[in-house]
Amino acid sequence: MPQTVPLSWYLILSAILFGLGVAGFIFRRNIITVFMSIELMLNAVNLSFIAFSYQLRQVDGHIFSFFVMVVAAAEAAVGLAIILTVFKNRATLAIDEVNSLKN
Amino acid sequence: MPANFMPSSAELLRFLPEMILIVMGTLLMVLEPLTKDKQHLGVIALVSLIGAAWASVMAYSNPGAAFQSMLVIDGFATFFRVLVIGVGVLTLFCSFAYLKRENAEDGEYYPLILFSVVGQCIMVTANELIILFIGLEISSIASYILAGYLRDDKRNNESALKYFLLGSFATAFLLYGISWIYGVTGTTNLAEIRRVLANKDIAPSLGLIGTSAALMFVGFAFKVSAAPFQVWAPDVYQGAPAPVSAFLSAGPKAAAFAIFLRVYMTAFESVADTWAPVVAVSALATMIIGNFAALLQNNIKRMLAYSSIAHAGYVMVALTAHSNIGTAAAMFYLASYAFMNVGAFAVVTHFARKGEKYVSIDDMAGLGWRQPVTAALLTVFLLSLIGVPLTGGFFGKFYIFKAALDANLVWLTILGLLNSAVAAYYYLRIIVVMYFKEPGESTADLQPLSAGVQAVLWSSAAAILVLGVYPSLVLDFAGQSAALAK
Amino acid sequence: MSLLNLVLALPLIGFLLVLFLPKNNINAIRLFTLVLTLGIFVLSLGLTGPFFASGNGNWFVTDVPWIQSPEIRYHVAIDGLSLWLVILSTLMTPICVLVSWNYIKDRVKEFYAFLLLLEFGLIGVFVALDLFLFYVFWEVCLVPMYFLIGVWGHERRIYAAVKFFLYTMAGSVLMLVAIIFLYNKGGTFDYVNLVELIQRGRLTFTHTEQLWLFLAFFFAFAIKVPLFPLHTWLPDAHVEAPTAGSIMLAAVMLKMGTYGIVRFCLPMFPNAARECAPYIVVLAIIGIIYGALVALVQPNMKKLVAYSSVSHLGFVVLGIFSFNQNGLDGAVYQMLNHGISTGALFMLVGYLYERTHSLEIKDYGGVANISPGLATVFLITTLASIGLPTLNNFIGEFLVLQGSAQVNIWWTAFAATGVILSAGYMLWMYQRSFLGETNEHLKGHMHDINARELAAALPLLILMVWMGVYTKTFLPFVSQANARILEQSRSGVELRVVNQNPGGNVAAVREIPNAR
Amino acid sequence: MQQLWLIPALPLAGFLINGLIGKRLPKMVVSLIAVASVVLSFGWVLKTLSALGSLETAYVERYFTWFESGTLNIGFDLAVDRLTAVMLLVVTGIGSLIHIYATGYMEHEGGYYRFFAYLNLFMFFMLMLVLGGNFLILFVGWEGVGLCSYLLIGFYILKKSAGDAAKKAFIVNRIGDFGFCLAMFLIVVNFGSLDFGKVFEAVKPMPVEATAGILTAIALLLFVGATGKSAQVPLYVWLPDAMEGPTPVSALIHAATMVTAGVYMVARSAVIFERSPMAMEVVAIVGLITAVMAATIGMTQYDIKKVFAYSTVSQLGYMFIACGVGAFSAGIYHVVTHAFFKALLFLGAGSVIHAVHGEQDMRHMGGLMKKIPITFAVLTCAWVSIAGIPPFAGYFSKDEILLAAHHHHPWMYWVGVVTAGMTAFYVSRAMFMTFFGKYRGHAHPHESPFVMWGPLAVLAVLSLAGGWYFKVPHYLEPLFPLSGEAHDMTLVAISVGAGALGIGLAYVCYVLSPGIPDTVSGALGPIYKLVYNKYFVDEVYDATIVNPMVGGSRSVLWRIVDAGIIDGIVNGTATVSRSVGGALRMLQSGNIRSYAAWVTLGGVAVLVVLGVMAGGAK
Amino acid sequence: MDAFLFFLFAAIAVACGINLVVQTHPISSALSLIGVMGALAVLYLLLGAEFMAAAQMIVYAGAIMVLFVFVIMLLNAGAETRKSRATFAKLLGVPALIGFLMTVSFLIQALLPRTEPVKFGAFTGGTAQAIGKKLFTEYLLPFEVTSVLILIAILGAVVLARKEI
């Protein structure tokens, strides 16, 4: 086993997590899970920022991911509120059933 | 060192419009429980928007960067600031009667509009990706809420949910892209990025730059509803309350285009040869999808949504040209588009009645004879959307395709213009229904236009005609500002 | 403010004023429009002044900037080519007002407003000397006509109106591309400047460029003309339009296309025009014969007249693409003639329709017994339309065919069959509807032409004779303007003279472009 | 200035007055105006001609430029030379007589003023035709008379057959005009002018064309025009139908004047024709075929006017034989004499028809000799004249023609002689059927009033003496030099004999033993049917040209090409657009996850293009 | 050691990520997400982002995810019912996803310039102090503006869910 891993591996990890987030979004049927998949994607982004920050020896990437986190928090609040209203009107969290607007 | 970071009064002045809006928005929140007649809040919101517009103009008298080059106040920014604020004003005018009719006169609506406008203002002035992102999120989150504002309405819920989920999804791509460009260039400041990319040594990492450009493209294209990321727009516009649809299709879109233009025309300008073909293809696809899908729509809001997709396609053509003329054309177009689209939606706002019952095109049968003025003004908007001369829409298209021809995009130009001929069909359909069909029961109990909607209609129509007869008024400014601060 | 500006502005002002007239006072609206349009007509007669006084040239030039960047100018003027077309527009409008007097019962205000707007657009098209301005007017014409057909038309009006709009739109967007391209290349929208640049060789196009530019312009114009096979919007539009709409459409709007070809295609793209001429001529000839044959079998009067327009306009195109004085003079003259005679035909068909609400020929028969006056007017118009000498169409057709004969006698031979056929379909229609036993359905509905109707028809009848007998009033100015255009259309074209004829006559020298 | 314009202007004035206000004028005034205008015109012709003297060269008056384009300048020119002078006298002279006659004949018809207005208009155009100083003015008259012919044939607007005949006449004439026009275009292309003087000056030095050349083309095209107007094969079909018009019209237009315009035009263009032997040959042969064919048909018809109509066609054929063999003056001579006797025949026939209340079928006539003696008397004059009995008018001109034909090709002479025999036969047949035997009709025949038989009497005199008195070929000598050959009396005798034989044969068949015709026609069976039905030419035209054209236009051009293909493409574009729209709508399933899939797919596509391809390219 | 930690926590992150995607019950997914976040926090530390690591645990895993779990509980969300109606999404999504992953991996591998090995402690700029300094100087504006964001979030939650809570 090598002593260290190159930074690019972190980035690949980030990409994998991002991809898993995308997969979750596409394949999950529960609205909340779908939302969580987005959070996973954002986490992947954060990892990427921090990895790059390491490479650049800068702290700016951290700041960016900090803001991403803040935004995620805000989104979570609003998003969950929206999900609540949807649930209240439709009594379901199945994302496939929220499809009255189409074509 | 600390002294350096204290914003100077000049910088604060440059940020004044946003500050006004934030303060007033907060104030409205505070006042909300204390006010009986919520329309007063709306009036306050209006006044503060107008104040902000004034402040934007003032801010332009001392252009330059602010807050460590986070923001830059140039002509371009000012143009879009005034534009999005203007859209906010028009939206408010549309909203009064609508909210009253839908018994949704909670005071929160007004601060939400204000904050969304703040977000857009920050976007259009942003010169740095972090603040750009935050501005985008402020605008978006406010928009998500607005789209689902009538929380008991199923359509509103669905609209908000779709908008929110897909919007966040796309934002994640954008962020991912930003992280890459940050990784490659070590900075998030657009001017800095531009400087790094202009360096010849970046050739090896062109693929990475391309990757980040691509990922950011997903985010931006989503926000402006360009193909293939336009899927959300029809559902959201259809489901959202009509004034909000008007707002969404004009304000956030214009702001999104502003950052799209700014990022791609400054930061990525040196690699334009790489991304321009992609934008061209996307532009073409956008026009085609928007126009052709609109042909079959019977829901007027949905049709306008598709039309708004198609119009995004035209602006993308201007972006493809990636020239100052193109940028100016896009600016002009977005301005005239904002007026005609808000105008058209305003008529829908008026016509839909309680619960948005009448939103099918066929319902408008005979409107031309029941309410001639409404119909005539809507006709002006539609003609402008078609691109008939002496309307702003025509000049917008004209400038865009002129820019495209300047950039030798002959085929894109021809296909684009043929597309606009296709588009004529579905706009004409509304005219056909309004004037050539006999009035039905759907127009029987139509109330007279509310003062607010009237204000929107008349001012939009006037703006469209002024832009159509004397486009220099706006175009000259756009032309001067098209050279973005770099 | 020059007279031309006044003539151009008054319809627009009138349009706005009519919108502010009280909706219910139909009489006031009609009267106002009539007086106004008559006034405009009288004023427009003044436009001939400098022509009679000092001959040809560009008169009443107004050239002021409109938009700075890109530089678009409000540049209007008239020359011999546009003079009569402008007057034709101003003449037809009051006639349309008279024709619509009782015909239009609903939405009267809007009707007259659109009519005035249409007049504005039409005059504008003929006087604009800035390509962009031209395009603006071109499109402006579209809207009022669209409404005239769509609102006051017959059963299938919506289909016809939309078809009309889209057809034209499809053509004009290509023209817009070409206009922009020209600007990018030549740096100006100004027609006069552009032509001068091209003449001086300061603005040159590659072969492909010129070809495409020409085609883009030509396509837009050909749709409007309409040239076979782009004509199918015309019968629908004509049949469904109200009488006034048909009149304006036939009399003036179709001329926009042919005017455009003469004004823009020839001087600006001489090589391409000559290169395409054989193909276009073939289409024109097909159009002449085809239009006539299809007209022959139409059961519907308006459709018949509409197809006859396709045939007549084929002559115009044929004349234009003969590239000689006779052909071009004939073509332009024929534009005016067609405007008058076909306009009159639509008016008369409209009179019949007003009486019986039918356009089917089979519903008529023996009208001449009940309405001899109407029958006489109709007959004269028919005769004008089929090109009887001493009536106007003859001169145009003769010159066109003469011009084409100088190039290729076979063109003429084929085209001239259209003259035979025109007699066929027109007389057959006249016979079936006016002669013979009186149709039972007509009894009680039919009455003879009344004073108002006659007043509308009379100017046209007079013009038919006047233009057929004393061409000196009209033709010389047209001719001089055409000479200039021909001169321009020769620049940059290397011609060789072929087939020097025995008489050694200069007029008959055939020019063909040198093979590249 | 001789004010030549007054000649046509007078009838025009008559037309305008009667046409515009005639409805409100009493019949007396209408007829006065109509007759006076023509008679005055006749007077002015006489005055002018006497003032112009010998007219060795053409006298031209130009009034204004009709139209001018480039180097082409068409003037409103009127010109008089000897040829014109002859025609002017015939037109105005016969015209006057027929106008007078018509005032009686049309007495009880509706649309009295209209009739005279048209008739005056016809005079105007006919005079323009003969006075025209260039081809185009000639063409004005040419088309104008066609128009009046149209109007007058269709005068009985209630009758469908009249309308059909009128339309047919106009259209068939148009076909001829088509050739005329092309000829004019060729003339302009080659000579740069349409003025007779200029064109003929330019043509004169040109050599006679051995092979087909430009002059042949022009001559043949001109002749196409002439076949239309002068009812030659293959365009003669309109003339028999034209008898639907009132009889004075048949006399004036379809016998005396208009139909001879073709001959006039060919004679006028003699300079061109003479330089193209081929064209001349064609003219002669077409003339021959027409003469024979029409004569055969004439022998079988029962409608009195139809008989005379075919006779006219046949006689016109004669005139073209004359032109074709180079004896233009003989042709014109025949025009003149033919005008006399054929006008008389028609007017006489009109008088008969008038007498028997509109009956035209000779099988319902007979024995009218006693009942309408004056008519019979004057018709007899015409009869002997057309039969070529010396020394009556027809003899002179026919003889000139036959002799010239013999000089050209003897076989033409023989065909001409046979035709002459047939001519004599069918005219005699008509006379016998009408006036001899006993009356087979039901009406009460009565003699016509003086206004009708007065002109007949004048014409009768002319038919008898006109040929001898008016030596037309001599008068025309400056234009068409005489051949100077002596008359071969044998040939003359043979042709006169043929005429006599015809009369005799008719006498045998229709007076002595009336059964013979039926026997003969029965024996000939199909041939008789063929001839009786006018060789089915109308039917053939209908089947080969008219019906295919109309049917094809309807079912192929209109329904298939226009509505099917072109509009199909147009509407198809719309349909395709809509189905594209429909397909694109499928993207909008309404399902958030599929939207996300699209976004991802798009993202991948953009990534591949921008990241991989842009990067990979480096 | 660095490598070992990376592999360990990367594996945890990926495993939890996969679990998030495959679990049908939202609560399982939520717990998996918390797992991912925890693993990532360790990786942040390895990369010298100590403040972010802390924030990740406190804000993200602690606050945000609690909110999620709270809502899941509130709505009593059950496991997904298997209804494969959106075959369209699958049809498009699978290739899209595979394409995405392949492309990004390729890009990283092929195009990223040779990256240095990650050594714990090689970069120590991510302290709370450093970040704080940056936030209140250079990033003052975003930091302040973020307050608006939070404000909107509150406002939105109130507007949309007022009666429910």
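Every chain is named by a letter (A, B, C, D and E) in the order it is written, and numbering of its residues begins at 1.
Here is the rule we use: a contact is a pair of C-beta atoms (placed from the backbone, for glycine too) under 8 Å apart; a residue touches a chain by one contact, two chains touch by 3 or more.
The structure presented is a predicted model; accordingly, all values stated were derived computationally and were not measured.
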Both-way neighbours, i.e. chains that touch subunit C and touch subunit B: D
Separation of subunit C from subunit A in steps, with touching chains one step apart: 2
Selected pair, greater C-beta contact count between A-E and A-B: A-E
Chain closest to the middle [Cα centroid of all protein chains]: C
Chain located farthest away, centre of subunit E as origin (C-alpha): D
Distance from subunit D to subunit B - Cα centre to Cα centre, in angstrom: 77
Centre distance in Å when subunit D and subunit E are each reduced to the mean of their C-alpha atoms: 100
Centroid distance [mean C-alpha coordinates] between subunit D and subunit C, Å: 35
Cα-centroid distance, subunit A relative to subunit D, in whole angstrom: 95
Junction residues of subunit A - those touching two or more other chains: 11, 18, 21-22, 25-27, 29, 34-35, 51, 55, 58, 60, 63, 67, 71, 74-75, 78, 81-83, 85, 88, 96, 98-102
Junction residues of subunit B - those touching two or more other chains: 130, 134, 137, 141, 144-145, 148, 151, 160-162, 165, 169, 204, 207-208, 211, 234-235, 425
Junction residues of subunit E, two or more chains touched: 85-86, 89, 93, 96-97, 100, 104, 107, 110-112, 139, 142, 146, 149, 152-153, 156, 159-161
Chains touching one another, given as label pairs in label order: A-B, A-D, A-E, B-C, B-D, B-E, C-D, D-E
Residues of subunit B touching subunit D in the complex: 161-162, 165-166, 169-170, 173, 203-204, 206-211, 213-215, 217-218, 221-222, 227-229, 231-232, 234-235, 271, 274-275, 277-278, 288-289, 292-296, 422, 425
Subunit C residues touching subunit B - in the complex, by the definition given at the top: 66-70, 107, 110, 135-140, 142-143, 146-147, 150-151, 157-158, 161-162, 165-166, 169-170, 173-174, 176-177, 180-181, 183-184
Residues of subunit E touching subunit D in the complex: 85-86, 88-89, 91-93, 95-97, 99-100, 103-104, 106-107, 110-111
Touch list for subunit B against partner subunit C, complex: 369, 372, 383, 386, 388-390, 394, 398, 401-402, 405-406, 410, 413-414, 417-418, 420-421, 424-425, 428-429, 431-432, 435-436, 470-472, 475-476, 479
Residue ranges of subunit E touching subunit A (in the complex, touch as defined): 1-4, 6-7, 10, 13-14, 17-18, 20-21, 23-24, 26, 29-30, 33, 36-37, 40, 43-44, 47-49, 51-52, 55-56, 59-60, 63-64, 67-68, 71-72, 74-75, 77, 80-81, 83, 85-86, 89-90, 93, 96-97, 100-101, 104-105, 108-109, 112, 114-119, 122-123, 125-126, 130-131, 134-135, 139, 142, 146, 149-150, 152-154, 156-157, 159-161, 164
